[in-house]
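Two complexes, one shared chain (chain A), two partners (chain B, chain C).
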Partner chain A sequence: MAAEPPVIVGTGPAGTRAAETLVRAGLRPIVIDEAPASGGQIYRRQPPGFTRADTEVYGFEADKATRLHRAFDGLADRIDYRPNTLVWSIRPDRMHLLRGGRVNELAFSHAIFATGAMDRVIPFPSWTLPGVFTLGGAQVALKYQGCAIGRRVVFLGTGPLLYLVAYQYARAGARVVAVLDTAPFAGKLAALPALLARPGMAAKGMFYLGWLRSRGVTVASGIRPVGVEGTDAVAGLVWRDDAGREHRTDCDAIALGFGLKAETQLADLAEVPFTWDNLQRQWLPERDGWGRTPVGGIYLAGDGAGILGADAAELTGERAALALLQDRGPGDHGQRVAAINAELDRHRRFRAGLEAAFPFPDDLARSTADDTILCRCEGVSAGELRRAASELGAGEVNRAKAFSRVGMGRCQGRVCGPAAAEILAAALGVPIEQAGRLRGQAPVKPLPMAAVLDTTQ
Partner chain B sequence: MSGQFQRLAETNRPRLAITIDGEPAEALAGDTVLTALLAHTRRVRIAEFGGEPRAGFCLMGACQDCWVGLADGRRLRACTSFAEAGMALETTGMTLRGR
Partner chain C sequence: MTTLKADVAIIGGGLAGCSTALHLRQRGAAVVLLERALCGSQASGVNYGGVRQQGRTLVELPLARRSRALWGRMAEIVGTDCEFMVSGHLKLARSEADMAELEAYATQAADWGLDLQLMGRNAIRDRYPWAGEMVIGGSLCADDGQANPRLVAPAFARRARALGADIREHAHVTHVEKGSDGFRLTTAGGLEVSAPVLINVAGAWGHEIAARFGENVPEEAISPNMCVTEPVPYFLEPNLGVVGGDLYMRQIPRGNIIFGGGRGVSDAAAQRARPEPDSALTSFQRAIEVAPALRHVQIIRNWTGIEGNMPDELPIIDISRTTPGLVHAFGFSGHGFQLGPAVGAVVAELALDGRTATAIEPFGIGRFAQAPPA
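Up next is the complex of A and B:
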């Protein structure tokens, strides 16, 4: 069967290994990423002209970063690589691209979405003040720009990246004043056996924690944020410790993150069905043990199909490519996929340990004060969302969005979505999965005006 | 006013002359517009609903909270656009200046 060349969206660890696998099978995939260089988030490359060595930028992961970049660069003349290109919409047989301010279409039959993840955040009083950035954003500032987000930085939230990025900051010479984790200490101890599914990863986490403590950084577990202080920008953070005592920490920047959420918009536009994942507490696109979705020709890989981390992303990237090859035939890749799945089991056990050690504090999201801004795009408060439920009768997130505009702004609910769902579920008194799933819409990111005019011609 | 960001490394890059709200300022080649701004100020834009200052949030092109205006009428997503010599960045928003 003569088919279009397969398309891969994303050049992180998942997309890179998918491309490599297709090339090895003699195909010439089209490889698209909106970023100017390959690497994705964890192995994001510095702009041209930056000179830090990989060991300085990626720390313990430097070897993996170097290997992944080399693997991608080695494919250069065997793939149709399209950097700086956003996929902004998907239709059954074509995708819509934006490059250099212009739109165009690409017909496709098979596509692998390896679109990664972003930080999951919870609003709290004055979190929209300049100086509050996502945890991932704080890492981007350092890795990609050689900058710290401030001169006295607090790391607030939960998850393994909280400690990693704090460590990277301190190592690079930034002043880390505190690492404040909402997850209680006892849960971390209880999760230890599961975390030992990947002893090397567990050891690195302990190392970061010990290193920070030994440098006198305040590290606290089981905390609750109270609010950001400052009029035009961050001047301090008020928080409560696990005994309920209030503290004020002087700082000019806050890195905020409560784990990651999968970037699933493209799968959504391709009409892949979603199911609620209780462990990760998010809606995830359905895929089988090969990374195939129920929609013919659509495959998923990496953190965009559910958060499993960078090493697993390399594995699921290869797996999605093998699924695609299997479906296009000839050849049988069952053996290699079985080996990958056996390896992924360890990553899944480890992930379950991480979720137990660093649970998403849904109580915090649910108790967001009425006057706290929930939607930063349109300035909508948590109270307005609650009113959409109680007074206007919005029984699920999409109705609530229509009534309150929460999730309707330029970010399409990427930022407010998780907290909005918790608040709505609490207001309705239903389990979170019954509050519904915010449906994605094209364009997945705003188009420039000239491009909008192009599309209407 | 000192900036939001603190440069820790990679400071030997070529200098680029830009302006921020009419004031001359210096960026480094390879700076995103967001970095160029936040090395000098603590604001990228004024929120259209509410009027308070914002300085971006995700730095990875996801939140859209860093769109900034230029004196020539262009609008850029600051965290994914690179600074160029001669850019005249306007953090106060063009509408507020009556344009």
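Up next is the complex of A and C:
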């Protein structure tokens, strides 16, 4: 196979460190990213002309953000950087790109996918009302444009991001009405020893919690959402506390997220096989201890290969680049990869602690009421999915999709997929992994038909 | 090893196979159907969803007419209408030569009872204001329509099962032979089936079954490339085709526009198919030419499947010339969705009566030179 310049997709912590490593080895990688500037979701940069200081935008992570941005900017004349570019499909030897509203192709032989992660969502009554955002979306609005999603915001879900984004909102001057965590308090205590694998991170989590409490923000654990109130937009949230008492909290926006899921569409379209990961409760693309997939020339890095966080992503980004260099030869990078893997062990222990402290509330997904909209793209209710199983005989998620249209819309199941799998598994009475994996289909994101027209038309 | 005995064994759970199972049960025959994956998971389930008679080769029209009658009674036959809509099928002309072809076809098809309405440039504009400049005329078959392919074969399978058919999914036939006591089939899972009559409705893999009985036919796998848009306000009532067949397009009431053209790539042996981005992009261009408003629309999914194609684009529907008790129906060449319901009725007649009143002579397996068994 002729060795084309290696391609990196994504410029978050993993993509940036991968690019840096390849450049250091004397290669000139092609670096593709959907966003207009590097940094990924976590270190997303402000639009040109915005002048907030990094400490204001990234808080405790400002140093890391600054270092990563500088590292990327320092590569400028040694990489072929293509921002604002979507890889919408992939074949064994070619990627299909969308940039500036036009399509084109890119021949490739080696590629590193550093495609990141997105929020996991669980539907509940009226979650589709305007004013309900994902946690990640709420954070992007703040980091990127300095906007809040509302004046009185409730943070709902579980995971470390819940407290971080609530803190960032409060610091930015938004009124945080409540932080409502579905994970029980006892589990967090029990997870503490594992979380101390990264004492600094654990301490930051405690700090956010203490800071919010000290400012009178309602912080509750072990809650269950009951439903969003409002007719045209969010007016309040009804929820139950861990003693089963119902509360109504006035708010005009809700940020929700139940942990993260890897963005794996490109790996899927490249025909990388997937396996079920019990800890993260999601299907993940197969990769070895270097980040190599079973598909020759395809490497994975960062949260797109399984959620380990931004710091680990910097390490796995470097590691995937070293795997690529090792395979293209000459040179042996085994020693450095061994050191990275030793360091990653700490991140894995910490991740296990996080999963124990903030478990995905699968019971909540499974008990989604029949009349609640599950797939918002196609307007399909949870009951219609259950009917696909019980009346039409769908025995796994792809069949259920064919019968009910769940996961068939614009987002291709990226939003409703995890909850749909839980609901289906419960309806079928099988373990979640037996409900199957929703197969990815091109295009990765919606593709304008006008992309084939001449600009003169 | 479990052995199932039946009057008829069916290989293939596509629309033709599931409809055959249903029609056989309606006449009381004991049926076992063996499907390698899930019923309707190949061409029957991922095709475009056109239910059209217009444009069919004339010799296919009797079968297509019979099938159209069954489509009209779908809810009664299988318990759901499978989203079948009589939206009409409009075939567009993009040149004078195209228009002449439509006119000639309309005259010939009238002899077969198909009522087509020809329209010139002005009539098309008046009735279909979305049509682009390059559309100069068309032919409407008001009686044609469209349906949701994902629902149809499974619906036939469910009803056949409810009537007592033994339908086995994930049952890959690895061995089939005819002995003195009839056909014996073995699946990868260790199931054994014995039956005096065998139906080969194995789609793109039908030629493999036929070859085991010394009947070699030049069937190829093809993969029609398909796209669907995000939902947009409903404007496209008829199911659309063009002379030349390089674009077909329909809109469902929910708003999504489904269109196809060109080919994907597939590996029939591995049962894997992948859409071809270049085919999709070419069909974007053609679709925008036919309906310019589509330049504002986005595609949300692109797919393909595996379909059996014959060199003359006519299926094989026939009693075996080598093996008594064997009936073939495969190689539908992109026509199997509309034809499927009637194919099941015809095959059930061939299996139980040895003949059918529907004209199927043009679909004989003998029309291909039979290579000697290797």
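Basically, the second predicted complex is superposed on the first by the 449 of 457 C-alpha atoms of A that agree within 3 Å, B and C clash if a C-alpha of one lies under 4 Å from a C-alpha of the other, contacts with A are read in each partner's own complex, and residues count from 1 in each chain.
By our rule, a residue touches a chain if its C-beta (ideal position, glycine included) is under 8 Å from a C-beta of that chain, and two chains touch if they have at least 3 such contacts.
Only a predicted model underlies this, so the values are computations on that prediction, with no experimental measurement involved.
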item: Which superposed partner A:Ile42 touches (first chain B, second chain C, both, neither); value: neither
item: Contacts of A:Gly393 with chain B and chain C, given as first, second, both or neither; value: second
item: First, second, both or neither for A:Pro446, with chain B first and chain C second; value: both
item: Comparison of chain B and chain C by chain A residues contacted; value: B
item: First, second, both or neither for A:Arg376, with chain B first and chain C second; value: first
item: Touching partner for A:Ala148 - first (chain B), second (chain C), both, neither; value: first
item: Chain B versus chain C as contact partner of A:Ala357, first or second or both or neither; value: neither
item: Touching partner for A:Ala111 - first (chain B), second (chain C), both, neither; value: neither
item: First, second, both or neither for A:Val228, with chain B first and chain C second; value: neither
item: Contacts of A:Met408 with chain B and chain C, given as first, second, both or neither; value: second
item: Set intersection of chain A contacts, chain C complex versus chain B complex; value: 378, 409-410, 446, 448
item: Contacting residues of chain A [partner chain B, same complex]; value: 34, 41, 46-52, 56, 118-119, 128-134, 136-138, 140-142, 144-151, 172-174, 232-233, 252-253, 263, 373, 376-379, 409-411, 414-415, 445-446, 448
item: Chain A-facing residues of chain C, complex; value: 38, 45, 150-151, 154, 158, 229-230, 254, 274-275, 277, 281-282, 284-285, 287-288, 294-303
item: Chain C contact footprint on chain A (complex, rising order); value: 88-89, 91, 96, 103, 378, 392-393, 399, 402-403, 408-410, 412, 441-443, 446-453
item: Chain A contact footprint on chain B (complex, rising order); value: 4-14, 29-32, 35, 38-39, 42-44, 47, 49-50, 52-65, 67, 75, 79-80, 82
